[in-house]
Structures are given as C-alpha cells and as structure tokens.
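Below are the structure tokens for one structure; questions will follow.
Order of writing sets the labels: A, B, C, D and E. Residues in every chain begin at 1.
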Amino acid sequence: MTATLYGLTGAALVGIGLYGLIVRRHALRRLLAFNLLGSGVFLLFGAVAERAGPGGDPVPHAMIITGIVVALAATALGVALVLHLARETGRAEPDPPEG
Amino acid sequence: MTALWLLDLCLVAVILAVALSAVAARDLFAATVFFVAYGLLIALAWVRLDAVDVALAEAAIGAGLTGVLLLGVTARVHMEARTPGPGRGMRLAIGAGCAAVSVALAAAVLSLPVPAPSLVPAVEAAIPATGLGNPVTAVLLAFRGYDTLLETLVLLLALLGVWSLAPDRLWGGRPGLRHRARPEGTLAWLGRLLPPIGLLVGVYVFWIGSDQPGGAFQAGTILAAVWLLAIMAGLSDAPPVRSLALRLVLVAGPVVFLGIGTAGLFVAGAFLGYPPAAAKTLIVTVEAALTLSIAATLALLVAGAPERAP
Amino acid sequence: MAEFLVVAAAFVLLTVGAGLVRILHGPAEADRMMAAQLLGSGGIAVLLLLAVAMERPAAVDVALVLALLAAFAAVAFVKGRSPSGAGDPEA
Amino acid sequence: MPPVAAPEAGFPWIVLAILLPLAGMVAALPLGRHARALALLLIPAGLVVALLLAAQVWREGEVTYALGGWTPPLGIALRADGFSAVMVVTTAVVLLGVALFAQSSFRAPPGEETRAALLFWALLLGLWGALNAAFLGNDLFNLYVALELLTLAAVPMASLEARAETLAAALRYLFFALAGSVLYLLGAVLLYGAYGTLDITLLAERAGPEPVTWAAAALMTAGLLAKTALFPLHLWLPPAHAGAPAAASAVLSALVVKASFFLVLRLWFDALPGVMTAAAGQLLAALGAGAILFGSVLALHQVRMKLLVAYSTVAQLGYLFLMVPLAGGGGAAQPWDAGAWSGGVLHAVSHAFAKAAMFLAAGLFLRAAGHDRIAELRGMGAALPMVTLAFGLAGLSLLGLPPSGGFIAKWLLLTTAMASGQWWWALVMFAGGLLAAGYVFRALTPLLARTETPVLPGRPVPRHQQWAVLGLALCSVALGVAPLMPFALLQVGRPEAAEEGIG
Amino acid sequence: MRLALDLFTILCVSAGGVFFLAATIGMLRFPDTLTRLHALTKADNLGLGLVVLGLLPRMEGVAEALKLVGIWLLALLAAATVAQLVARAALRETAGQPGGPPR
C-alpha cells in the first residue's frame, strides 16, 4: 500500500518536473525542474523496491544512491554553466532572445 | 497501522504541494527555497520506504550541498527570465501532455505484477561472500561495483567540466572567491565548532556503512559539506587546481578502486572480484579511498571554476 | 504507543508544512529562508518519532545528519547576500 | 549464489577496452602537462585492443564477461557482439585520426600546463571510455551511468572555448541530454518493476508485449532520441556541434550521437525483441524521414560551413532510423533483415568517418581563412587541395555515391526497402540523396572556384592535420571497397534466421 | 511503571507538538520579519527539545540517548546562529525601505 502511494507520487512528480523543464525559460528554474523530475523517477524506483517486502530490495536502493549523486554532479555542471553564461551575457537563459 | 497511512498521506500531500510551488512560484529565490524544503521532505519519504541508506544520502546532499550550490548562485545571476515562456494556450497543452505522462505512469505502477519480482533472495545468498552486513553497501561495492566505479568517474568528469569554464589566464588558480568573515563573529564561531563534529559524524557514517545504513557516498557528502562551511566561514580556502596534492586526493578513490579491481583479475578470477577471505578488508579500503575522493570532488564541484590567479 | 507517535509525527509535519506558505508570501527573503529552517527542525522531530515508532534506529542517523547540516542553507543564503557574495555577512 | 568465475577462457579484451581509456582519464589529472603524451600513447594502444576484441568476437562469437564474477541478474555483464565490436573499432580509428589532428592544436608550451590542453585530452579519454562502456554494457542501469559519463564528457567539450554562444549551446545540450537520460532511466525502472532484472539478455527472455513494457520502451526510446538529436528533438545539436573546436566537433558528431542510437537498437532488437509493434517501427522511421528532409533543407540554407556540416549530421542521423522497420523491428524475421541491419550499421560507421573528416576539414578552412562563411571561401581548394579532396570524398559518402561506404549502406537500405515493399522509405532516401548533393556541392563550389590571384592561407595549416583529415575520409571510402569482412562480423550475435539475406 | 513512562512520552511529545504549532502560527501571523524570526527559533527549539525529552526513555542504550541529546544540541546551535545571521541579512534587506520591514 505504502509502495503504491509513493509510486503514484513519483508519477505525479515526473509530470510536474517535466512541465517545469519544458515551460520555464530561466536556466536555474530548469535545473530545479530537472531535479524534481529525477527525484520523481527515484521515488518511483523506491516504490518498486518497497514492493519486494519488508526492508525493501537493496539493488534499487544502491542504484538510487548512484542516480542521486550523478544528478548532483550534472546539476553542479549546469550551475557553473549558468553562472558563466550570466557573466558573459547578463542573461541566464540558453535560448535566443526571441524564444 | 492506519496512523502510518495518515502520515503517508500528509507527507505525500506536502511533497506534491512543495514540488508544485517550486515549479509555479514567480520568484526564483522562492522556488529555490521550495526546492531545498523539498529535498528535506524526500528524505522523510525514503525512511518511510525502508530505504535509510538513500535517506542518509538525500539528507546529506539535499541539506548540505544542493542548498549551498543553489542559494549561493541565486544572488549571482539575474532573477528574471527575459525571454517570454510559451503562451497560455501552449502552457495548457504542455500541462495536459505532462499530466497524461503522469497518468500513464500511474497506470503502469498499478499494473506492476504481484508478487513483485526482486533480487532480495539473490542478495541474501551472495552477501556472505562479501563479509558485509549492509546489503546496499554490498551491491554498491561488490555486486554492482562497476556502476560505482563509473559513477566516481562521472563525478571527476563533472569537476573537469566545471573547471573547463575558467578563463585561460586563471588556470591553475583557486576555485570560487576568497570568503571572509569576522574572526570573532557568529559565522566564524560556527565554522570552528561544526567541522570537528562533522568530521566525527562523517567517519561514523563511513564506519557503520559496512553493516548498517551509511557508507562512502553519505560520509563523503557530509565531509564535503563541512569543508564548504569552513571555506564560507573564511577559515579554510579551496586549494589551487594546479596543486598536485589536491589532484592526487581527487583520483585516490578511482585509482584504489581500479587497482583492487584489476588485482581481482588475478586473485579472484574476474575484474572487480574479491577473494572471499579478504573481501571485507578490500571493500573497506576501497570505501575509505572513495570517501576521501568523493568529499574533495563534491566540495570542489560546489566551489566552482577557478576564479583567482594562481 | 507507536500509533500515538506516528500521529504526533503527522501533526508536526502538517504544522511545519503549513508554515511553508511563508515561502510563497515572503515578503523578505529572510522570511522565506526561515520557513525552510522551521521545516528542518520539524523534519528532525518527525524522523525521531518515526525511528521509535517504526523501530528503525538507523533513522536517528538521518536526523543526526539533518541536525548537523541544519545551518548550511541559511549560511549559504547570508553569504550570497553579503558584499560580492563572499564577504563578511556580519559586516 | 557464490561468486562464479567468468566462464570464458580468452583474455578479457572486453574489460581492457573500457579500462584503458578510463584509467587514462584518471591518470591525466595528476599527470597535468603530460596528459597529451599519455593520450597519444593510449589511443593507438586502444586501437590494438579494439582490433583484438573484434578478432575474438570474429573467432569465438559473442563475448560476455561477468564483472567481479557476479553473474546477472545480481551482477553486471559486459557483452560484445559483432555490432559492438564494429563500433568499438570505429571509435578507436576515428579517435586516432582526431588525436593526430589535435596533437598540435591542444599542446601546451614546454614545461607548462594549459587549461585547454589538459582538459581536451582528459575529456577525450573520458568520452572514449564512456563510448566503449555504452557499446559493451549489457545492463540497462549500467548503460544509464555510461550515458551520463558520456554527457558529462561531451558537454564541456562543446563549450571548451567558453564563448557566450558556446556556453548557451552547451547548456541547452546539457538540458536535452539530462532530460533524455532521466526518461531512459524511468523506462528502466518500469522494466525492473515488471521483470526484476535490467540485464539485456535476461530481459529478452522475460519481457513480453504488455502495456508496462510498451510504456517503458516508449520512455526509453524518447529519451535516447533526445540524446541522438533525432528530428524534432534536434534543436540542440547544430549550435553545440558547430561551436566546439574542430577536433571536438568531429568526435561529438561522428561518435557521441551514435552511442544513443546504438542503445535504441540494443533496446528494440536485443532487450525487447517481439515487443515492438510494426506501427512503432514505422513511426521511428517516419521521424527519421523527417530528419532527412528537414535537416537537409536546413543544411542547404546555412551560410557557415561548420553549421552546414552540423545540419547534415541531423539529416544523416535520419537514415539510421530508417533501418528499424527494414531490419525487422516490430515483426517476424524476414530474409532481408540482415541486409537492412548491415546497411544501417555500415551507414553509422561510414558517417562516423565522413563526418569526422568534414568537421576537421571545416576546421582547417576556418583556420586558414579566419572565418567559415562558405561564400567567401573561394579559391581555398587550390590553397588546400588535400583538405578539399578529403571534404569531397567524405561528401561522396554522405551522398551515397560509389565508391564509398555510404553508397553500400544506402544501397542496402534502398534494396531492402524495395524487397520488403516499403517503397515510401526508398523515395525518402532518394530525395535525401538529392538534397545532400545540393548541400555538399554548395559547400564545394566556392572551394573549387578559380580565382584571379591564388588564395594563400592566412595561417599555415600543418601537414599532419591535412593527412589526418584525408585519412579519415579515405576510411569512409574504403568501407565501400572492402565491406565484406565487416558484413560477416556484424552478423555475430544476430538471429541465425536472418543471415541468408546478405547480398 | 510502563504506564508512567508512556504518560511521560505522551505529555512531552504533545507539548512539543504544541510548540511547533506555536512557531508556525507565529511565523504566519506576526507582523514583521524580525518578530517572526524571534518567535520561530524560540518555539521550534523547545518543540524539538520536548520531543527529544519524551523519546529519551525509549532509547535502547545510553549511547543512543546521548545521540538524541546531541541532535537537539546541534539543532539548537544551528537555530541560534541562523537567527543571528538571518536577522542581519533581514535588517540589511529592509534597511532601504522607510517605515520598517514590509508586510
């Protein structure tokens, strides 16, 4: 039951993150949305692991830890790119001005 | 227990509300704070999902690093997007599409088979050969050690990527700005008090990791966070990126992992294999080196590209 | 007893969760920051209650990490608002 | 399950193929200014390893390796079939050409370490390791990590010059790549939930045509397409590839986008065979057709040479996806499957050589003229005859004219399209060929134009760089002359039933 | 004995919950940034302290109990320093605006 509830939450988070990633223009907002999206995927994975019974399946847990760290590394690179883009152009959006 | 259901419903409701606000908030700063809050709530969710190892990692990353990374940068970039986003109609259409993705995923979750297939029996059968008590550590360092090896290289590459943004003339210099704080002030006081405690907690989390939730990633993250605090309090400075000592620390984890993995080719019959008698010692050795490298890499990832001349 | 602790955890969670409305309203950035800070304390309390109620002593370690790092986001925030982003926030 | 020793007796070249570049990347950081020497040493060694791996696959058939002795589903396996062996060798050859080209441009003054020199070689080694990890992995989650490794090596490559427009292009690239990996991971999560494994071989046994599997396949495919820059998800590619230094563009355009394409085929043909429906195959091919037409037309309209070459990548990637319905993606095995399979893979390989040559050539024109505006490159052909020849030869392969690898590839795809009665794809290929002729000649015409006074390069162009470009172009041509060996190798690990259709 | 223990836990934890409620109400209803800050840190630390106190007798050993106290001390430390630092930041942020902190 718990697993299903969190699985559905993960599904909803994926939708929310995806929306933010597509609609938002500011690069930092997009990075936030990407992290929400990723976190929804991880939560869904956690729900899958929890379905294995009490204690959960450790293999997905290990994969989630790997995924979280990878997402952090990518976010850090993204933030650095935004910072330098903002310094060069005064803007924090990768898209051309007319969208 | 129905009370747990109540708690789960509350937690899920707050998580979704915070996630929606992080996307919908007008203000960039508000969105960032919502996201920091979100990381905290997700750590609670991991405890409810019986994934304490993940909860530890999420707590350390969400509270220690993501907050520092994102809140630090909001002050340094323009807050508003200048290009208009998609129009109202378009946004509605995109929203409907994303909602459809969520609904389809929800249907997929509900249609997963019962009983759930899992690798729990396989892990239980194989874990004695590692000498470890924590199955997650066994998966990370033994059964799927190759993933972990690649992951540490992902961190290293990300750091090279961040450094690649430095102007040529500043190459070799120190990352980020030199932080200052009044020596007798509150921040300096915190910066002197917390790092020793953090060091203790980090070593503790690393040490219990072989048998209980914890391990190299969680410990490395905690150590990175307290180092960043010392830097922000002006008590420590990021080393120059040309420093050989720094570079050796950064690659120590991957080098030890690769070395022991290659030795496995000869003593255990396979790359990344461990002879069962020495498995635990070797795994703890790899983890110790990884903790050190992960701590340094994560802290420098947050510190950013070299900004001061060598 | 476990039931009570879980209900208490849900109560604390909902309470501090409601406080997050401050992030939306502000108006000062400090207000938004403090709402997250309150959530941090509440989260620690929820974790401790759950650790006892669910009999997961390892959850206490999660609370320990949260407590250790509780000040970090706020420090990064005040640092970001200090002169040039790296100066003395107490100047 | 006690640890099981890896079953095969042969030397684990498959492990070495991944290890060598990754260990090199790790060593490059402390080595600092010696990183270039290290890379120049490792790349030829890596080519030898790749050839030995290919020979092993050729002799013994599919090679698998259980890492750490832990067999799937608990552990991770590496697997090399003919397709992976061909891609690993291709990668090593292209990298050798690129390294020869770049050894003078990314070279620090003696005794010094510079940013670009250290990072280019370190990133190149990391990128190489990531590519091999993607070509040889047999576990869907491990492949996710390999894809992220690839992204984090490729994005900084694209912004190595750190100008405002390359930063913006790199950031957009990063967003597409990250969104792509997350969608891919989401699909993998669903597969794990349904079948309890992410090992490709085990999934092929367990996965059936069910809604969960379709959802997973759709998500993973969408994610991989975003990373491959298949139309209409191609917007990030041209600025990112055109803004990078020439050597980096060559690697990005020739190899990096192929890794995610490779994984699409792995997913559809190896992990989930019999799950994809015919309609899905047609949809993928339709996107490919869109890419061919749209990318070619945009390439025709480019003013700058590097952008023209980049848009031609968008178009040429389209052909790769035409092979999916032709090679039996979503249907029973057909006699022509092997032909379409060979055609598609051969296209991927010959495009890798041709595109690397073209980007490097464009880089040399840019260096010689100080700009890369096509119309103003008049007379460059006489100044740089070798480079122009290379550009033209590579262009042959893109057009699909004999003698070239591109010709054999397109001809195989064309004949299988007719044999399977899917003549509409043949029409698309025909139109794509005409359009490609348009943009290749548009680039070549000013180069070959005769000028009153002979044009002299503004900056001298080193001989070895010209040789590297010509060598890569000749590789793409040679594939059209001696394609037989790759054909048989490619079939290692393919279903037996399909083999008779070759030729 | 058990009853007394349970009663102690229930009392402390409930009181802790009330303080968390007070902190939230203070943060939502108080008129300006600085008073909100003040109410918040005082109340939420007492809230956490009471929860910790209520749970102490339920810990399995002395080490676990000490860890719990340590958590509370760390939280206190964080709250005290954060209140200091953020109050300064708030003062600076609202300094330019006449009429005190905005609503």
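Miscellaneous remarks
In this section, a contact is a pair of C-beta atoms (placed from the backbone, for glycine too) under 8 Å apart; a residue touches a chain by one contact, two chains touch by 3 or more.
On a predicted model such as this, the values are computed, not experimentally measured, just so you know.
Contacts with chain B and chain E are shared by C.
Between chain A and chain B, the least number of touching-chain steps is 1.
The chain with its C-alpha centre at the largest distance from the centre of chain B is D.
Across the structure, the highest number of inter-chain C-beta contacts is found for A-B. Seen from the Cα centre of chain C, the chain whose own Cα centre is farthest off is D. Mean C-alpha position of chain C lies 47 Å from that of chain D.
If you average the CA atoms of chain A and of chain D, the two centres end up 27 Å from each other.
In whole angstrom, the spacing between the mean C-alpha positions of chain B and chain D is 31. The mean-CA centres of chain A and chain C are about 21 angstrom from one another, to the nearest whole unit. Residue positions of chain D with contacts to 2 or more other chains are 74, 141, 145, 148, 152, 155-156, 159, 162, 167, 186, 193.
Annotation for chain A: residues 14, 18, 44, 48, 51, 59, 63, 66, 70, 73-74, 77, 81-82, 84, 95 touch two or more other chains. Chain E has residues 74, 77, 81, 85 in contact with two or more other chains. Of all possible chain pairings, those that touch are A-B, A-D, B-C, B-D, B-E, C-E. Note for the complex: chain A touches chain B at residues 1-20, 22-26, 28-29, 31-33, 35-36, 39, 42-44, 46-59, 61-66, 68-70, 72-77, 79-84, 86, 90-93, 95-99. Remark: chain B residues 1, 3-4, 6-7, 10-11, 13-14, 17-18, 21, 25, 27, 29-30, 33-34, 36-37, 40-41, 43-44, 47-48, 50, 52, 55-56, 59-60, 63-64, 67-68, 71-76, 176-182, 185-187, 190, 194, 197-198, 201, 205, 208, 212-214, 218, 222, 225-226, 228-229, 232-234 touch chain C in the complex.
Considering their complex, residues 1, 4-5, 8, 11-12, 15-16, 18-19, 21-22, 27-31, 33-35, 37-38, 40-42, 44-45, 48-49, 52, 57, 60, 63-64, 67-68, 70-71, 74-75, 77-78, 81, 89-90 of chain C touch chain E.
Those residues of chain B lying in contact with chain D across their complex are 104-105, 107-109, 111-113, 116-119, 122-123, 125-126, 129, 142-147, 150-151, 153-154, 156-158, 160-161, 163-168, 171-172, 242, 244, 247-248, 250-251, 254-255, 258, 262, 264-265, 268-274, 276.
Residues of chain C touching chain B in their complex: 2-4, 6-7, 9-10, 13-14, 17, 20, 23-24, 26, 29, 32-33, 35-36, 39-40, 43, 46-47, 50-51, 54, 56, 58-59, 61-62, 64-66, 68-73, 75-81, 84-91.
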